[in-house]
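In the two complexes below, subunit A is the common chain; its partner is subunit B in one and subunit C in the other.
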Partner chain A sequence: MNHEEHIINTIHTTFKSAEAEIQRKGRLLIRLRSDLLPAFVSYLKNYLDFNHLVMISCVDWMEDNQFELVYHLYSYAQKVHAMVKVRLNRSQPQAQTILPFWDQAGTYEREIHEMYGVYFEGHPDLSEFILEDWDDIPPMRRDFKTREFVNENYEWRKGREDAQDVRRTISERYDEKLPQFNNDDKANG
Partner chain B sequence: MTQVEKETTLYLGPQHPGITGNMMIELKVTGDTVQRAKTHVGYLHRGFEKLMEERLWMQCFPIVCRICVPEPDPNEENLARAIEEIEGREVPERAQYIRVMVLELSRIASYFLWMGGQAGSMGLYTMPQWTVGDRDYILDLFEELTGGRVYHMYIWAGGVRRDLPDGFAGRVRRVLDYLEERLTDYDRLFFQNALFLKRSQGVGVIDKDKAMEWGVVGPPLRGCGIAHDVRKDEPYEVYDKLDFEIITHEGGDIYARAMVRRREIEQSISIIRQVLDKMPGGPVHNPGPNPLKWKLPAGEAYVRTESARGEFGYYVVSDGSLKPRRIHVRGPAYVHGVSLLEKMLVGANIADVSVIMNSLGTCPPEIER
Partner chain C sequence: MKEDWGREAGNIISNWARKHSLWVLAYGTGCGAIEIPPTMTSRYDAERFGISGMATPRQADVLLITGYLSVKTLKRVIRSYEQMQAPKYVIGFGSCTINGGMYWDSYNTVKRLDDYLPVDVFINGCMPRPEAVIDGFVKLQELIASKKANGWIRYQENLDWYRANQKKVIKNWNMPDYNW
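Moving on, here comes the complex of A and B:
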């Protein structure tokens, strides 16, 4: 039995509700109920040697009305990277802090609180990290419209009032068709 | 004599020659001893992660290399490898060798920049002049290979953009020979300098038992005598076919970290020579679909690289559309520059603050992306 299977079997003896799968060699995906998370990561840290907190990511699944927190843990001894995932309700996102187990988790939680508005229960200092005096919705959420924000808050540099597109000038000169790029919704179809 | 026990707030940065980039450390000091430190960032936030959610996959490559100025290549390599993992695209062997060569060259360039910064923070101002000058020989190679000196946009999904120019390997070897010879000068001027030894030995010590738990990676971790290197732990590209050892040094202080980096320069030179010897022929790119209609299958991947400052990681999530759902960058400075630095500065002398900071290789652009 390899390391990954052994870890999954050990996890299942204690946390029966955890869904674990092997993504590839050295990568584990574990889905979990959000209230079990602090107990689960401390179990991984103390009993299965996952002592390196790589990072905490947040993914916005707006369509499902959910945030997904991904806790990346790495075990140097077994050379296995576990991605522990919990889903939170997007309208009232709340999770428990894992600060007691790793000091550096505090920074990641502060950033996620600022950028997504997830509240971490038990975190002593969820003050602003990168932004300053922000009063809009948290900017990394997918419903935050970057373009609108820019148009409302910034103005074009002098001499760029006509928002001239250089590609259009070139394509007209050489009588070529302008390639349809990316940023409008046509490209999505 | 008793010192007046009055606590003063001292702001170091964001514009300060001892700070590596744009960030600020708020120090509470009594006398010249630091009691508490707090890192403030936000002077450099460009919102790259948000920006990439509205860009095509191909358009992300010119963005990611800007995440770390002194060493942009691990970013490109990470994103490319994450995309290849989600897509299941094969990379030609020659391209993998070229990638290793580029990564190691950029590691040497980054260490040269660090040497200048570390020496400059101690007042040895000859070193920055020399190291930045010598680093330019590597940048010349990059310019010839990629067209860019600092940002290369050379590694992309499926391989690298173009093959080596004629006679390039010979020019790389010539630069390596020169740099290797030059290292003895650096030893005499810096690594054996009495001032450097006095300022670095026993200063800024990281507790060996706590190092892994605190998220220390890269040369600071190996400077504690713990042998972990992503190139060995989780070999990527062709590192498993190359002959090298993990370099460690006991002590956990600034001197140990400096010696790890010093010896890794020699090691990188040896790795590049091996790469040039073993490099096979063949194509350098496995082309994918039209970049304007390039959809990735739904999936996710976490990939990591050993950069000059430690583990660099990318977490890439695709929802099957033309644009990324989420790209999250793990820079080593995110931990080194905030929670670790705040802990290490307690009890330090004010004059040692920028020395400690430089020894961790803090890089603010990757804290705020």
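Moving on, here comes the complex of A and C:
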């Protein structure tokens, strides 16, 4: 029995509802109910030696009306990377903080709160982080219309409307020879 | 007539002095600030042209906007610019200041710097090489010598227009309103 299977068996003895799979050697994917999350990452950290929180990211599954939080953990002792995925209700996204286990989780959670509007229960400071005076919906949500927002708030400079290859325009304007690059065929289809 | 001649001569002399002591405010926005150390140090040695770094806005002549400006940074840049002593010049550096560059549809970066600050010289490129930066400074020196680098006068005269643009993107304007 290799490392990964051993880890999965150990997980299943305690967390029976966790769905774990081996993606490839050294990489585990674990799906979990969101209310079990703090207990589960604490178990991984203290019991299975996953002592490095690599990052926390968030995915917007708008069609399913869900947010997905992805916790990347790494174990230096076993050289295994575990991705823990939990799904949250998108209309009222709420998760529990894992700040007691890793201090750096606070920064990620603060950013996810700002960019997606996920509320982390138990986080001491979810104030504004990167943005300033933002009063629209959180900008990384997929129903945030970036182009409309830009059109409303900023002035375009002329010349950017048609995303064309400007080299041709420039060569015509200044009567220069257009260089033939090797990847031109690919770019034009 | 005699007075005008005296003022003219004084202008020529002071502009000549100004163009040879361009002190740049050490304020890096965006990724372009990485091109400034090679420009300033021995290989390209911008100090030959009198271009030197300066620590505080009140001592600086040139505000170099090195790259994209998020709304949050724009607020600080305006504050720094208004603290600078006239005559003061703004150089827009990189394509981000011209039309947004690769952040052309970003929700949090301004697209046209000249809507918010009076830009005297634009340096295009992403990133401009140190040669291009020095070329832009030389262009600025020419403009100063020919009395065309008058962005700060433009800013004072059209302050309402600039202020309206600035307040359109900066929602919470909790800065002092200068009145020249």
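The rule is short, and it goes like this: the second predicted complex is superposed on the first by the 157 of 189 C-alpha atoms of A that agree within 3 Å, B and C clash if a C-alpha of one lies under 4 Å from a C-alpha of the other, contacts with A are read in each partner's own complex, and residues count from 1 in each chain.
Just so we're on the same page, a contact is a pair of C-beta atoms (placed from the backbone, for glycine too) under 8 Å apart; a residue touches a chain by one contact, two chains touch by 3 or more.
Everything numeric here is computed off the predicted structure, so don't read it as measured data.
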Touched partner set for A:153, first subunit B, second subunit C, both or neither: second
Partner chain(s) touched by A:81 [first = subunit B, second = subunit C, both, neither]: first
Touched partner set for A:135, first subunit B, second subunit C, both or neither: second
Touched partner set for A:107, first subunit B, second subunit C, both or neither: first
Comparing the two partners subunit B and subunit C, which touches a greater set of residues in subunit A: B
Touching partner for A:93 - first (subunit B), second (subunit C), both, neither: neither
Which superposed partner A:55 touches (first subunit B, second subunit C, both, neither): first
Contacts of A:38 with subunit B and subunit C, given as first, second, both or neither: neither
Common interface positions of subunit A, toward subunit B and toward subunit C: 130-132, 139, 146
Subunit A-facing residues of subunit C, complex: 71-72, 75, 98-100, 104-108, 110-112, 115, 168-172
Subunit A residues touching subunit C - in the complex, by the definition given at the top: 130-133, 135, 139, 144, 146-147, 149-150, 153-157, 159-160
Subunit B partner contacts - residues on subunit A that touch it in the complex: 24, 26-27, 51-55, 57, 59-60, 70, 72, 76, 79, 81, 83, 102-104, 106-108, 128-132, 139-140, 142, 146, 179-183, 187-188
Interfacial residue positions of subunit B with respect to subunit A in the complex: 41-42, 45, 47, 49-51, 53-56, 59, 85, 212-215, 228, 233-234, 292, 300, 302, 304, 311, 313, 315, 317, 321-322, 325-326, 328, 330, 334-335, 338-340, 343, 368
